[in-house]
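In what follows, chain A forms one complex with chain B and a second complex with chain C.
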Partner chain A sequence: MSSVNPAPYDAPETEAARPRDEWPLWEIFIRGQHGLNHRHVGSLHAADAEMAVKNARDVYTRRNEGVSIWAVEARHIAASSPSDKGPFYEPAQSKVYRHPTFFDIPDEAGHM
Partner chain B sequence: MTPQDLFQYLLRLGDNTLVLGHRTSEWCGTGPVLEEDIALANTALDLIGQTQMWLGYAGEVESEGRSADDLAMLRDVWDFRNVLLVEQPNGDFGQTMMRQFLFDLWHDLMLANLQKSADPRIAEIAEKASKEVRYHLERSTDTVVGLGDGSPESHRRMQAALNLLWPYVGELFVPDDIDAAAVAAGIGPDPAGIGAQYRNLADEVMARATLAIPSDPFAHKGGKSGFRHTEHLGHMLTEMQWLQRAYPGATW
Partner chain C sequence: MYAQMIKSEATKEDPEKLAAFQARIDADDKIEPKDWMPLGYRKTLVRQIGQHAHSEIVGQLPEGNWVTRAPTLERKAILLAKVQDEAGHGLYLYCAAETLGVSRDELTEDLLSGKMKYSSIFNYPTLTWADMGAVGWLVDGAAIMNQVPLQRTSYGPYARAMVRICKEESFHQRQGYDIMMKMANGTSAQKRMAQDALNRFWYPALMMFGPSDKDSVHSEQSMAWKIKMNTNDELRQKFVDQTVPQAEYLGLTVPDPAVKWNDKTKRYDFSEPDWDEFFDVIKGNGPCNTERLAARNRAWDDGAWVRDGFLAHARKKAARRMAAE
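Presenting the complex of A and B:
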């Protein structure tokens, strides 16, 4: 599949040539045709925000998936740590009274 | 405009998108990064889709029962009517994107004019294609500016690409009898008229990209008339057409 006369490839002159710098990672959120919320669809690399949106268009909306794209640089996302799982989430397991299942819904309220 | 002239006019439009679409598809799986690889594949598919419309209509105008596939896969190099620019080899990624930009800019202006064509079928195809091409142009402009005004290495490569490809740009704007017939019939624009607009926009982008357009006005010609293609087109066709040549009528 190569071209007939590709341009000469300049091999790195020294071994000091560093591994190439990667573009930053971006997390991509897309709002679908009928969806109300943007949903996380995956990630990609891009040099800046504008390029991230364009790359997202090419990588994640090829099959007519979306009508709106958000790109967020991954380093700006604050995430909970897996090691906090115990103190973060387990206390909620024993608090069934936080679920709204102890109330009788009046018939007039209809389906909720 | 005679049907013969209109047929030639449509071949020019369809062969440009066919040849550039195939060239661009050569990057499939070998792009520098995943995102650019898939973007190039999307561009190639857009161009091939446009080819189906242009060559499909060309076959109807010719009225000899040839389909878009027949025209794409069973003509030899001397029957192709694409400009020389689009058959030039990919080179490195920068050279590919420079070629893409130089074509996209013309393509966008051309389609804007063709949407006003007196031929409703041409106007319709142009309208559909112009949305795709507007995006191609945005993307190739960003890349030319980004790499031109990038590192010393990327700047050097982009300037080399511009120096190599600019002499193939002039052909886009040299009118001939078929163009004149299209203008007279209200079917298409005067190529020379688009030229001035093109140059202004190209100057603007190259200034942002810190690249210098060569001052020599020399232009290679012979693609859209079919008089003399560069040696690259024949090689490309042997690869593009081999399956239909080796297994005539094969389908999947």
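Presenting the complex of A and C:
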């Protein structure tokens, strides 16, 4: 990553937000019933990790959406920069042989 | 709607950047928090998403009014779950607004000072249990009409919040209609209450969509940016077309003698709400404006020691952990 921002959100171009005593922002990840990966579902504010998990239960699992919750304080998330969009992912563009459909296998060889 | 009369900001920026941005929107690309965006787009969204969030939060008050007096334990549990959902909707939306660089507390303070608005509908009182039916059926019904297309809005975090919200909304409308069915098929006194609730909520529900298109000055830019997906009149008409047959099914009468199926347009004709009343409510002179804002201010002030206490505790724990390491 050529440029990693310390916070997931850039400060706005408007006047800088005044410093305040707010509960920090947490990003919430939830794993559903069926063994899939944890998935980002949204964010919330909480004073500490314990409260973040409890609030996540109330806000994001009211209808049995999950069986496992991860809470990560937003300022700890490193993110790629949107301006890299093209060049950053460019190495994947030219490697078509990474996809199985690149190879023609004759029908006679059976299912593969 | 939950966001009414959002003034969109003019934008004076590098025309090349603006054109590239508009091209992304026209191609149905999603704009994400760290992407470049015109200042006007950012400001308009903060205003719109913020107002939408405030509406969800203030919208808990008219229904919270009946939680302790619901007619059965089951109705009480259902209403409580519905009101809790609305708190969640407020949270999803505040988080979406925060990705644009405002803080949660700033938004809250702007609501509490009256600087930011919430939907006009929540300034009407809920006088009887039948109002819980009318609110779910009409108010949540009108909200759905607006929120479903917003799932395709150009700003990624807003669109994703809308997807979550829409999943939960249809329960709200159906529980409301279920209350109306029960009342409309009940004793004659209950039926009268249901009719009375419809009478009082009909026009305020129509006002939720905002002023008539000929008087909505800010729509054009917002529609080009895809943060407004339909015009006010389009959605209002759709709402009437959906709701009139539902009222008929209940055996209730929409309080507008002009409501009539129009065979030519294949839509219902109906009367415009009293726009003077609408603007008056927006200005702060509705039946419950003062009460609603006072209730939110009280909750915020009374909760201050809890917020401060948790923060102090978390900081002390963190300091202790640091010292131990």
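Keep this in mind: the second predicted complex is superposed on the first by the 79 of 112 C-alpha atoms of A that agree within 3 Å, B and C clash if a C-alpha of one lies under 4 Å from a C-alpha of the other, contacts with A are read in each partner's own complex, and residues count from 1 in each chain.
The rule is simple: a contact is a pair of C-beta atoms (placed from the backbone, for glycine too) under 8 Å apart; a residue touches a chain by one contact, two chains touch by 3 or more.
In this text the structure is predicted, and so the values were computed from the model without any measurement.
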First, second, both or neither for A:A79, with chain B first and chain C second: second
Partner chain in contact with A:E90 - chain B first, chain C second, else both or neither: neither
Partner chain(s) touched by A:V59 [first = chain B, second = chain C, both, neither]: both
Touching partner for A:L25 - first (chain B), second (chain C), both, neither: second
Chain B or chain C, by number of chain A residues touched: C
First, second, both or neither for A:E108, with chain B first and chain C second: neither
Contacts of A:H45 with chain B and chain C, given as first, second, both or neither: both
Residues of chain A at both interfaces, chain B in one complex, chain C in the other: 5, 9-10, 23, 44-45, 47, 51, 58-59, 62
Chain C partner contacts - residues on chain A that touch it in the complex: 5, 8-14, 17-18, 20-23, 25, 41-45, 47-48, 51, 58-59, 62-63, 79, 81-82
Chain B-touching residues of chain A, taken from the complex the two chains share: 1-7, 9-10, 23, 44-47, 50-51, 54-55, 57-59, 62
Chain C - residues contacting chain A, complex: 32-36, 39, 42-43, 81, 84-85, 88, 91-92, 95, 98-106, 160-161, 164, 168, 307-308, 310-311, 313-314, 317-318
Of all residues in chain B, those that touch chain A in their complex: 26, 28, 30, 33-35, 38-39, 42, 89-92, 95, 135, 138-139, 142, 146, 153, 157, 160-161, 231-232, 235-236, 239
